[in-house]
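Same chain, two partners: subunit A is paired with subunit B first, then with subunit C.
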Partner chain A sequence: MPESNGGYRGASYELLSAKGISVGDSIIIRTSDSEVAGLLMPRYESAGADHIVIKLKSGYNAGYEVSKIREIIKVPAQEGHQYQKLSNPIVASQVKDTLPQLALISTGGTIASKVDYRTGGVRAALTASELYSSVPELARYASIEPEMLLNEYSENLGPEQWTLIADKIAEKVRSGKYSGVLVSHGTDTMHYTASALSFALQNLPVPVVLVGAQRSSDRPSSDAALNLLGATIFAASSGLTGVFVSMHAGTSDDVIACHTGTRVRKNHTSRRDAFESIDASPVALIRGDSIEVQNPHPTGQIAVKNKAAYSVTGENFTARTRFDKRVALMKFYPGFDPSIISWAVSAGYRGIILEGTGLGHVSRACFPSLQAAINSGVLVCMTSQCIWGRVRMTVYDTGRDLLDMGVIPLSDMIPETAVVKAMWALANTKDLKEAKDIMQSNIAGEISRSIPI
Partner chain B sequence: MPESNGGYRGASYELLSAKGISVGDSIIIRTSDSEVAGLLMPRYESAGADHIVIKLKSGYNAGYEVSKIREIIKVPAQEGHQYQKLSNPIVASQVKDTLPQLALISTGGTIASKVDYRTGGVRAALTASELYSSVPELARYASIEPEMLLNEYSENLGPEQWTLIADKIAEKVRSGKYSGVLVSHGTDTMHYTASALSFALQNLPVPVVLVGAQRSSDRPSSDAALNLLGATIFAASSGLTGVFVSMHAGTSDDVIACHTGTRVRKNHTSRRDAFESIDASPVALIRGDSIEVQNPHPTGQIAVKNKAAYSVTGENFTARTRFDKRVALMKFYPGFDPSIISWAVSAGYRGIILEGTGLGHVSRACFPSLQAAINSGVLVCMTSQCIWGRVRMTVYDTGRDLLDMGVIPLSDMIPETAVVKAMWALANTKDLKEAKDIMQSNIAGEISRSIPI
Partner chain C sequence: MATLDLASIGLKVGFEIHQQLATKTKLFCECSCSETDKYGYAFTRKLRPTQSELGIYDPAAVFEFKKMRTTKYYSAPGSSCLVEADEEPPHEVSKEALESALVFSLALRSRIVDEVHVMRKIVIDGSNTSGFQRTMLVANGGFVEIADKQGIKRVGVQTICLEEDAAKLISDGETAREYGLDRLGVPLVEIALEPISGTPEEMVQVALTLGRLLRASKRVARGLGSIRQDVNVSIQNGPVVEIKGVQQLDQLAKVIEHEAKRQHGLIMIADRIKAAGVSLEQIGDRLEDITNVFSQSDSSMVKKILSDKGAIFKAIRIRGFAGIIGFEPYLGIRLGKELGELVRFYGLGGVFHSDELPGYGIDEKQVKDVRDRLQASSRDAFVIVGGRQEIVEYAIQAIIQRLKAAMAGVPAETRAATSDGRTVFSRPRPGAARMYPETDIPTIPVSESMLEPLYGLVPKSWEQEINLLAAKYGLNRKLAEQVFDSDYLALFEEICSSQKADSKIQPTFVASKLTEDIVSLRRQKLDVSSLTEDMIREIFERLARGVITKESVPLVFEKLMKKEVGSVNDAISALGISVLTDAELDKALDKVIRDNMPAIKQKGMGSIGMLMGRSMAALKGRADGNRVNAMLKEKLEKLLASS
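Up next, the complex of A and B:
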């Protein structure tokens, strides 16, 4: 066993050490009545010492009690994903320089990377050659220049990192070298970052496409290669500009959906088609080589279908990349304690996004705290925890009372986008009236319906 | 105008007063180029004085500027929903006493009720005769005994009201008089109450069916009558016991779905089919008279298909109806401030349900506060904000670290159910180990998958 024993100790540690098996090795375990093959997984520290856990081909983990294991065999590592079985690796210099140039900014997702089972961490594909070797089809559509900016699980990315990423994209855009920018990203918070970039980078002359993978590239069911390929085709050839998220459209490996950055949500913990456009169609579907535009980017001014019509150093491009993290997203639930609102005010929060029930409601018990928050200059906005649909606060007394208090209804803006937008708005103005106007104006497709509140 | 002028003032107040028009009246408004009919809606206080708002037949509201109104006419009130156009009202004494007896506990939803436009409030159908007059088909399936327990918008119902409702149901069940109990409820938090009743009332000898309406019964698109009819047919004839939610299965008026009380969520702000079973099929579909059982109630012990097999005063029936509201539901987002966790601990919270990202993650920045919360005896559990899928905390470092800290993974329990269950668990034990075991055991279908964490 290496220095890091992957959490194994006691009986399991001894058995694995005796056989020279390390975390990440392909092994076969035989018991009196079964034989299974898989990869040795790390063990979390608090788990019992008498089980060995392997990741099966199905992607699921299974645990085996050491005393019941009759035989354990280390086997040569299996071949990885089909896109990695390349006998003649492509080197970057072989890629035609007449192809569109794309920048790929890596932030730490599993996309085009390998999971290192020793640490559980993700090792990014750092060079263009590594990238083409992983997904050789890329070389048919674009010349890609990768750069590693961050290497983080996306749950650790927040407002500070959004600024870093946005500034890096702005740098790439302003260089005039690229027809598009790809951002590889962990999927956990990819939709929050997509929203952040949508507000930070306006009038983009090129597409910015976030792409992730729900399953790491060592798994037969990995979506990494196809997502990256779809993102590349879209960025290189769609002629659309703005911020998008490119992921599997369904569970089969044939269609990629490109979503508007502000209208997309991760709606499943593990499915490859976890990302869905909320109350909207995806902007485009990528099927093989073909791009089917479903729904032009909802901010008319930046949806340009004809590539010739925009200049790579677009004059109107703006990068306002700061965020004020003093915004709380509060999901209401029965029994919700209004003193959380008072706490936020006293802790210096400048904005509160309520995730209310139904059409945009919270209990009457919250009214005094909300009124106090608004009176002290906190921006309080309403979204719905239903996810689909829109708040309509004039239908019931509760909504009307909240409007009278000064709560800002956000139509069909999803809560995840609303918290990001409030952080951006409050970083860009000290004027509360202006912040309210920003929240209620459609900047990047985040409000798709303009029927009255 | 009556004392309550519905928020109108200035020019709009004067015009309405001159014509003797009150909020809730049917009116016709003519402008130079249009004529529209609708109901006069109340105006919220902060709105401008120069518009009159009516609710159109489509259910949408439209505002008209007073200066542009050429004529405004009060017309006799329109006929309501088709189910209310009954020429020969049925009186309770005419309903056959050989039919199954159901109790209907009203808590304040719009179901089988009329919206009072003067207050915006809901007037419940208080007597059985009123009920049969509203939905005459009910009299074919059951003899229903209504009782008004509460009259509240459901955003104002919380743990205290769950106890009241559960105690009232227990009383009805123990009386031995009823084949089932219907609970009419506002839809905003109906799924939270359904979860609460699922934990509070175990081994129910009869079905308890919550039913609501997304659109009030004055609207042509109202779902009130059909939802109540479906709930009644299911409660009277399915032979299944447990706690269920009965609502439209689709947007057409032909199929009602009965969902397991712990696996259902309001997923749309306004659609009639807003309620969906998460990661499960509905228990049954009601199509006309027929009950199609899709998925027996997941707690095997209480899914009894043969009515003869259970006794109305079932010996194993338990009612543990208290809840401890010192449980916080915290949705994680990028930039989430760990000091909210510390605040909750110091404020005396006994449980925290995290709505993490993806497979059950929060940022590393939260680790110290979470560890401190756990060390001080707070029950900390993990669910996913993805809604669909399940937490799997052994896949990435982040999840393993959280498990090592003592965070309890809740599989595919939805966050809304998890917060209710924690409130119930902590009211029923002071022992943290026991509370953890309760959280991780499937009591009422809230954990549908038993594959390893």
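Up next, the complex of A and C:
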């Protein structure tokens, strides 16, 4: 690894270190045809090594090529821009202690952040006071106690982190201090974590609400504030318990949808309303202050609770937070090579979730490999790549053949939920029969009894 | 009242020209740049200042935010997509747009940066769905050469930036603003010039020269709103006031002059405040709720405000200010007026102040009550503001701040140009730069190999372009200049090139209609924007088909610009100017001859000139002059021969 300084490397790094200049210093650069003054800015690691970046007095950044620089000098720091503070920031201690108390566990993705206009850097707003000054309306609904657990892009969160997050939530729940737990999370894999928490934490006495942002919170147009507000209102006063995901219901900044943790999926790369409930309507819509409950949980696990009973540790609350990551999610496609299945078996995988076509099919060519996998004790389950709808493997010959082989149909379980559930099931039992039973029983709303028209 | 000697007040003017580029796509997506008035899907958003942003604006941004004003955006298929909706990251910077900015930088001998960085400039008024405008510095330094009386003068270039245009404001209500997304993301080149001194006319010359240079490149959009000038005006090295939205060059000199006068007036007012020996603490040192003093008022203005639920009136005492708020060093320049403009920003109608009271239906007794409440002496002034309580509280803080600023003369602020050449307050000037990097777009290195092919695209000089244009279309120089400087150069060339070889429509005719006639109608305060390019095309197409006559063209322009009709067809039928058939013309000329028999008998063929004039007047452009002349001559010869 080359030594680096604010992302600089190669020629630019050498020039800066020779002159003893570091990021944030006021500098003047002279080239054969110009002179510019400004602050040295950090450089993205991915950008080339031949330029140094200066923030000019006008606020613009511009890059100057190292080979053209005749002279670079460090000058005494200019007086920084003075930013006036908000006249009366809300400090945590002022928030009414009669309000419901919520824990906010952050795992990454900045749900609240501050822009440093001097360097252009964005950093997470981590303390409660910073959170309130970022989203002042929060203080009307709840007293929030933030805690940073992880700081990762969500693609880096996997089974180990699910365990960590689930244990942390269990700790908060068992403390009896909180009416609910919010989890801020990068959006890419938020639905996997939501599923994981749904299985790991059962009979929750309080709501656990995952919340993220499709537009980062350093932008005035960020969806973070409204998502967080919706999650807070829901967690503080819906009276529903379980694991949920709270995000924009549409592109407008008006309605927040709260989804069941096992029924939600990220269905768009970038839109605010990327998260949708599959084969179900959202549990609730939050419009302004009001919570419109749409769909009380299909398994009946979520009880409308007496508000006064909040902050009581649930008697039946269980936390089984381990996952076995030896489960593969395989999407079948025309031309799919069955040796991938054989490879997974030889690599020690204990479970395979197939994302089949239509009602739950894979080509005949896969049959021998699948049969071999099942015979060797691998849990093989079928979901559909159609995303919406149920697998029904008795309609066509292919489906019937797969059933006969021992492939387990997973009804309308979302493939992503299925893989998480299999990891959880296999971590909690060594008995394949029991694992199969777990996969086919509805534990956290992952299987719908009926799909609304 | 004083008269102003502009030369003596150290007037300095800096220009920022914002020119839309004629690119095929927008700056950060593949949508078309064409504007529309037909919109489809709409959605709403609420912007909130990012955290450190909250502190910068006081009290304006916080107020805007507290109002939690909703912004409604209308999309237009083809000219907006998920990028404009802020639902998809920006695509790469349009190569075509970047090339244009680089070509202009070369033309102005500006130092191009080695690596372009896209920045986000925070704008939370809703005009950008993202809450910021994406902008990038392309070059700094360089100069533009201006011909003046002493020869060639150089005006320095500060910066050349490439940025995205804002959404188009459709309506601005109390609780919601509406924007069209079609204009959002259209590439703009912003060229900022060094502040210069000179007469307003010389400054107009600067803007004109720069505009011509851009147009000569043939890379810029034309038409209404395609070029906007911001003008930064200061006097006596005082703070800079930024004036936005000067659309027409002929308005520019007037705006500069008005603003110079306003600033000088404010300095004269400041001198008077100093002479009165007022200290900062004496401004707004006492506030009183005077709602009950006004509750029985007969003033219609007061009644109207109080009819709003929860409305209150508050009075602010300003010690030692008697006579100052109403003091008018130049016509129309008063602190009172400044305060009125200021509170309008908060959605209030205006203020009352002691220098104009009693008045507006507020009587002597009420004025005395207010004075008593405030314990104000005859040397003190007061300002009264009414409306919804929370708004009044904000407005009071803003008024006190504005009056304190008056002691120093001119406050730095952003103002808007009005169509009659004045300027009005629009918002406090943003303090420090509110910019941070647009991390969604990689930086763009500008290499010599990228610039190499662009040198050949540097526009010719305006002089050369005019000569070429004049030669190509056989125009005289003046007409060539007028067409080139107008919004219609492209349309002119299109109309001329679409004529058949035997067309009677000469380029000179087209040019004069598109310049002189339209300018003269605009001077009559008619709305140019209601005469669209499509309409103009249609009018010339009708002319080519002989449906209307040359004489009718300006009449149709006028009818459309007066908005009396909505289409060329309707204009033609409303004017009754479709060309007469031979039979109709025959009948009409017979009547003219009948009516003028005595003169014909007397003058014989010599009466033809007079008859021609009468005929043309009677026909009101419904027949071509040559045709009338020929038919009239034939009739007259026949008549005279038979008698």
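Assume the second predicted complex is superposed on the first by the 344 of 453 C-alpha atoms of A that agree within 3 Å, B and C clash if a C-alpha of one lies under 4 Å from a C-alpha of the other, contacts with A are read in each partner's own complex, and residues count from 1 in each chain.
Throughout what follows, a residue touches a chain if its C-beta (ideal position, glycine included) is under 8 Å from a C-beta of that chain, and two chains touch if they have at least 3 such contacts.
Computed from a predicted model, the values in this text were never measured in an experiment.
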Message: For A:I73 in the superposed arrangement: first (subunit B), second (subunit C), both or neither?
response: neither
Task: Could you say whether A:K325 touches subunit B, subunit C, both of them, or neither, answering first, second, both or neither?
output: first
Message: Taking the superposition on A as described, I'd like to know which of subunit B and subunit C A:T189 touches: first, second, both or neither.
response: first
Query: Who contacts more of subunit A, subunit B or subunit C?
result: B
- prompt: Between subunit B (first) and subunit C (second), which, if any, makes contact with A:A18: first, second, both or neither?
  reply: neither
Query: Of the partners subunit B and subunit C, which touch A:S339 in the superposed model: first, second, both, neither?
result: first
- request: Check the residue A:G63 against both partner chains and state whether it touches subunit B (first), subunit C (second), both, or neither.
  value: both
Task: Could you say whether A:I387 touches subunit B, subunit C, both of them, or neither, answering first, second, both or neither?
output: first
Task: Using the superposition on chain A described above, determine whether A:R271 touches subunit B (first), subunit C (second), both, or neither.
output: both
Message: Under the contact rule defined above, give the subunit A residues that sit at the interface with subunit B and also at the interface with subunit C.
response: 41, 44, 46, 53, 60-63, 120-121, 269-271
Task: Within their complex, state which residues of subunit B touch subunit A.
output: 7, 41-42, 44-46, 53, 60-63, 119-121, 153-159, 162, 187-189, 192-193, 266-271, 274, 323, 325, 327-337, 339-340, 343-344, 347, 355-365, 384, 386-392, 394, 396-398, 400-401, 403-404, 406, 415-416, 419-420, 423, 451-452
Message: Per the contact definition, I'd like the list of subunit A residues that touch subunit C in the complex.
response: 33-34, 36, 41, 44, 46-48, 50-51, 53, 56-65, 68, 81-87, 112-117, 120-122, 125, 130, 133-134, 215, 217-222, 225-226, 250-254, 269-272
- line: Note: in the complex, subunit C contacts subunit A through residues 43-56, 58, 62, 70, 82, 85-89, 111, 113-117, 119-122, 124, 129-132, 135-137, 140-141, 159, 161, 431-437, 439, 442-443, 445
